[in-house]
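The following pair of complexes shares a single chain, subunit A, combined with subunit B in the former and subunit C in the latter.
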Partner chain A sequence: MITIKNKTNQSVQAALFLLPGFILFLTFIVGPMIYSFRISFFDWNIIFPEKSTWVGFANYLEAIRDPIFRKAVLNNAVYTLVTVPGQMIFGLLVALLLNQQIRGKAAFRVIFYLPVITSWVIVSLLFEYMFSGQAGLINYLLRDVLHIIDQNILWLADPVLAFIPIHLLGIWKGVGWTAVIFLAGLQAIPIQLFEAALVDGANRLQQFRYITLPMIRQTTIYLVVVLTAGALNAYISNLLLTNGGDPLDQTHFILTLMYEETFGNLEFGYGSAISYLLTIIVFIISVIQIRLLRNQEQV
Partner chain B sequence: MGNHRKNLLSKSLTYFLLLAGTVVVLLPFWYMLITSMKPQAYIFELPPRLWPSEVSLINYQKALQTDQFGLYFMNSLFVAVLTTASTLFVSSLMAYAFARLKFRGKEVLFYFLLSGMMVPPVMLIIPQFIVAKFLDLPDKFLGLILVYITMNLSMQTFLLRGYFEGLPKEVEEAALVDGASRWLIFWKIVLPLSRPGLAVVTIFTFLFAWEEFPWANVAIKETTKRTLPIAIALFQSQHLTEWGQVFAASIMGIIPVVIVFAVFQKYFIRGISTSGLKG
Partner chain C sequence: MSKKILAMLSVMFVMVFLISACTPTPVEEPTEEAVVEEEVEEVEAEETEEEVAEVVPVEISYWHTMSDPETEKLDELIAVFEAANPGIKVAPTRFAYSDFKAAILTGLAGGSAPDTARMDIAWVPEFADQGALKQLDGVLEGFDEIAAAVFPGPLSTNFWNGAYYGLPQNTNTQVLLWHKDTFDAAGIAVPTTMDEFAAAACALTEGETRYGYALGGTYFWAPAPIFYAMGGKVVDDAITTAEGYTNGPESVAAFTMLTDLFNEGCISPNLLGGGVGTADGHATGFYSMIIDGPWMVDIYAGNYPDFETNFALIPTGADGTTSSVVGGEDVVVFETTENTEQALVWVSFLMSEEAQKMLAEVGVMPTLAHLTGDASMPAHFEIFMEQLETAQARVPHPKWGEMDGAINNAFQRMLRGDQTVQEALDQAALEIDALLAE
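Showing the complex of A and B:
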């Protein structure tokens, strides 16, 4: 009897503790998601929603057939394939370096973390300035110091070269975070494993290959999934460095295109369809990555 | 002897690589700082100088006086502080229920909440905009704050639940026997014991709210309500060459972040390694 009463009592209490959070969660995440799903099947009229017309899958089909959308997907794919390995390689390197008995460890950690905590807006503008075609620092270094190029490059006016600053920024900004997560993984490895390996005469490379890498597998899976989702959702750097798609809608990411269609052209239905397509892409890729990486473990 | 030399070599290599990394990370920041102190005439000087020929604070003065960056700074601070305080409160309430109370459907509800982490935040912008319009929230700080709290809820509740579960149960049980209410236990025992966990939530949420751009860019159109990130981005798009002022405002935007990070650094690293990454 007492336990039953206690349990109902606890349920009431739990409801009170959970209420504020779930009201917000339903109002600003779940509700909007459902609503957005609905919108994506309409030619949505933002001023008179009741005048919107049902178009079925037309928005989705339009996106899939649209060469600009396809280019945006390709741009995101390349960005992901460049920046995810880039962040992971440099992040692991930094973590390995910091996981030793060295002086100034805390200072290095703060320094490498600085780009992570600086807002995307600020670092994007900073890269825009450094890569400016006029008298940018990068052009100066390449032309007058290293003599690699003999003319200033107009980085941001070129549909291919514009991605160099965007990719470099993606890696530069993310390495610190990746390193901290790797560092946590490295510090969780029992030191006895290395001691035993040392007794067995394993050199550093062998230790890395047969102890470190397998022991940080969980960390690695986590990073691959999270970084990939992040790269597919990249948005601010592209918006600020190329105004979204300049030149000629060639440099869009999926989200800058979504933003332009929605708030520039007021195509809310089409924009919603694009964001759902992106969510589906991210979800499928995450599942595949988790499956693949888990399976490798069992083999 | 050979071993010693090998050690020395590896140490030198370590420091060399770390210092090289430091240069790559800090050079852009240094360049930003220097540029923020250059008068307009030197913004496109050739060769670009990494050491200013003339130091001036004119950009900071202009940014604060004629371009209202002081106001935008205060807007951002207001939004970030309220977001952080509210997120701490709301998510620790939820985390406590999930960590300590027994009720039906607990697991289901918890995973339902966690699914919020899977949703790419930018995809919510369209419907959030429509909901915000419906609730008459555009151009109000409340519209920013409510959305920011919600976007942090899943992650922070997850972190805190992990933290609360790690606390020893004995004190709470003794208090229950003595007839203390759940609320009292939560407020007087659990929260004070959880400072490191709460510090992690504080830093993540503050940084998020301080730098958030996509939602603020959509939700705020009124000039006086702008937060710092949108104010900086808009200023740059309207004054394409006035990089000195852009970076003066940026430096002002970085300072609070660095302070928060420096103060909470210890908690932050610990937080990531103990609760952020277990699964």
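Showing the complex of A and C:
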């Protein structure tokens, strides 16, 4: 009896300790989520919520039928398929380099990490200048230095080419962070494994294939899931480089479209529905990824 | 046990949240404990309130997006106002333009909207349609006199559904900026008609090294002065249909001229996106002509102090009249204010000649028509105020933002050769009619 009582006391104590964080979590995360879920079923009047009209799934259906929303989903999908492997490959390469005994290791770490801590706004503007169609560095290099093109390319005016700076920016800015996580994973591998492999006559490629990669599997799973969710939530670079959807609403990401509909056009119900569709997409993809990668591990 | 407690707690909090979320929040909702304390204080306060009521000033809030010099001038302005109206205090709050709409919406949704604000003219119908703004005609004393004294274009931006929901606090418009050196070198006179303008644009173009004319983008604000000067219209005066207006012969002619100039290489391709900006391009001589607003004087004074800015009226269309597009801000009173009377006094003051003249000192263009040519106005105001006499407002409609998007996309499609001008504008007219029908 006494032990049970003690346990109960402990549970109450634990609950009390958790309470402040729990309240904040409920107030600022769960609460708004529920509220916006409710909004998504209404033609919502932000000023007089009581005047909002119930529309059921109309907002969701409208989004699914909207070619601009579909294009935004496609844009996010391509962005994810390009930037997630891009960040991971380059991040792993950088991590492997930084994991060696080289001079100025700390300096290199700082250099690779600098884009991560630099504001999205600043680097986006930097890329906008670099990819300017008339006075940009990239056009100058391609045209006047390398002589690959004979006419300026209007990067940001083209619905397809506009994604080149956006994708490059996404990869460049994420490599540093990915490398740091990989580096942590690499440093956790016991050195004895490599020593044993060396004795067995394994070359560096074999060591990488049979020791490094399997040992950083957990790190890789973590990165794939987190980077994918991040890529699906991409927003600022697109907003600054193409104004959201320019040209012709062809370059939207799901979130830039959501922002435009919500705060530009005051369509709060529609905007909330878009957010929830994105939530569903991220949730499903994350579950599939975790399942797939875990299953592989068991095999 | 612990699970039960946690579950109970979470259910409790979710319910508390839902209940509070479902009921519209009153202004400054006090916490439960505070209510008891306040009640006690109120009883005490009530006794003394009657004696001091005349002395304690009512505070009204005023949200705006003014620049540094304007904000300083606003403080002076408020001091003058408060000296003349001892019963009222004005509490200004400054916002960045890009955050302003979201800030107002958040304020409205959270029950903490300001009493008054100075907002973009394009937002007034949108907020009025949501029921956020107070009708001013018939409510504000002297409204008719003020309405008669201001430029009609800016005033019209406050009209929605048969009533006025604001007054034009300041205004601006766009005129032609021409680069003197390149004009002189080519021996070309400043164009006064659209034909001369088109000819000058091409004559001043040199391949990809210099363009005769450049627009900032394809959003409606950019081609609007030429569009209106050539007689273009987006919708009918009653704002019921775009068919025959957006795609009417004058509108088509305006966009045809621009598309032809673009195809001949006389308009810089930057308007498609991601090129040299019009302000920098013009100052450096890369763009001989641009069309822009009065703020360019300040921008050039700061960034290109040696550059001589030259203005001219927008060239005239086929019927010989010039026109342009109206910009600026309106002062509005929010429906949720508890100090309507004081807010209206503040609005009247902002529309007075005294206030308009004070803000003009820092480059804010007044809306009172009789101040045109006034000696106290900055010299460059004259051409803008002359242009304002014929400048037109964009469609004052809650869905204007989306209409702008329809025209923007149509302009892009014709420039890219995806559609003819007529086809692109036919599609835009359909899209705008759908928005009007909503």
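Convention: the second predicted complex is superposed on the first by the 276 of 299 C-alpha atoms of A that agree within 3 Å, B and C clash if a C-alpha of one lies under 4 Å from a C-alpha of the other, contacts with A are read in each partner's own complex, and residues count from 1 in each chain.
To be clear about the criterion, contacts are C-beta pairs under 8 Å (C-beta built on N, C-alpha and C of every residue); 3 or more make two chains touch, one makes a residue touch a chain.
Note that this is a predicted model, so its numbers are computed, not measured.
Engineer: Which holds for A:Pro247: it touches subunit B only (first), subunit C only (second), both, or neither?
Structural biologist: Once the two structures are laid over each other on A, A:Pro247 reaches subunit C alone.
Engineer: In the overlaid three-chain picture, which partner chain does A:Lys51 touch, first (subunit B) or second (subunit C), both, or neither?
Structural biologist: Second partner only.
Engineer: Once the structures are superposed on A, label A:Tyr210 by its partner contacts, choosing first (subunit B), second (subunit C), both or neither.
Structural biologist: A:Tyr210 sits against neither subunit B nor subunit C.
Engineer: When the two structures are laid over each other on chain A, which of subunit B and subunit C touches more residues of subunit A?
Structural biologist: Looking at subunit A, the partner in contact with more of its residues is B.
Engineer: Using the superposition on chain A described above, determine whether A:Gly185 touches subunit B (first), subunit C (second), both, or neither.
Structural biologist: The answer is first: A:Gly185 touches subunit B but not subunit C.
Engineer: If we overlay the two complexes on their shared chain A, which of subunit B and subunit C does A:Trp155 touch? Say first, second, both or neither.
Structural biologist: second
Engineer: Between subunit B (first) and subunit C (second), which does A:Tyr35 come into contact with in this model arrangement: first, second, both, or neither?
Structural biologist: both
Engineer: State whether A:Gly271 touches subunit B only (first), subunit C only (second), both chains, or neither.
Structural biologist: first
Engineer: Between subunit B and subunit C, which residues of subunit A are contacted by each of them?
Structural biologist: In subunit A, residues 7, 11, 14-15, 18, 22, 27, 31, 35, 46, 132, 134-136, 263 are touched by subunit B and also by subunit C.
Engineer: For a test of understanding, state which residues of subunit C touch subunit A in their complex under the given definition.
Structural biologist: Per the stated touch rule, the residues are 1-2, 5-6, 9-10, 13-14, 17-18, 21, 24, 101-102, 105, 108-109, 126, 130-132, 208, 218, 268-270, 272-276, 335, 398-399, 401-402, 405, 409, 412-413, 416.
Engineer: Given the complex with subunit A, which residues does subunit B contribute to the contact?
Structural biologist: Listed in rising order, the residues are 11, 14-15, 17-18, 21-22, 24-26, 28-29, 31-32, 35, 44-48, 90-91, 93-94, 96-97, 101-104, 106, 109, 113, 116, 118-128, 130-131, 146-147, 149-151, 153-154, 157, 182, 186, 207, 210-211, 213-214, 218, 229-230, 232-233, 236, 243, 246-247, 250, 253-254, 257-258, 261-262, 265, 269, 272-273, 276-277, 279.
Engineer: Which of the residues in subunit A end up touching subunit B in this complex?
Structural biologist: 7, 10-11, 13-15, 17-18, 20-22, 24-25, 27-29, 31-33, 35-36, 39, 46, 90, 93-94, 97-98, 100, 102, 106, 108-115, 117-123, 125-127, 129-130, 132, 134-137, 140, 144, 172, 176, 180-181, 183-185, 187-188, 218-219, 222, 229, 232-233, 235-236, 240, 255, 258-259, 262-263, 268, 271-272, 275-276, 278-279, 282-283, 286
Engineer: Can you list the subunit A residues touching subunit C in their complex?
Structural biologist: 7-8, 11-12, 14-15, 18-19, 22-23, 26-27, 30-31, 34-35, 38, 45-51, 128, 131-136, 152, 154-157, 162, 241-243, 246-249, 263-266
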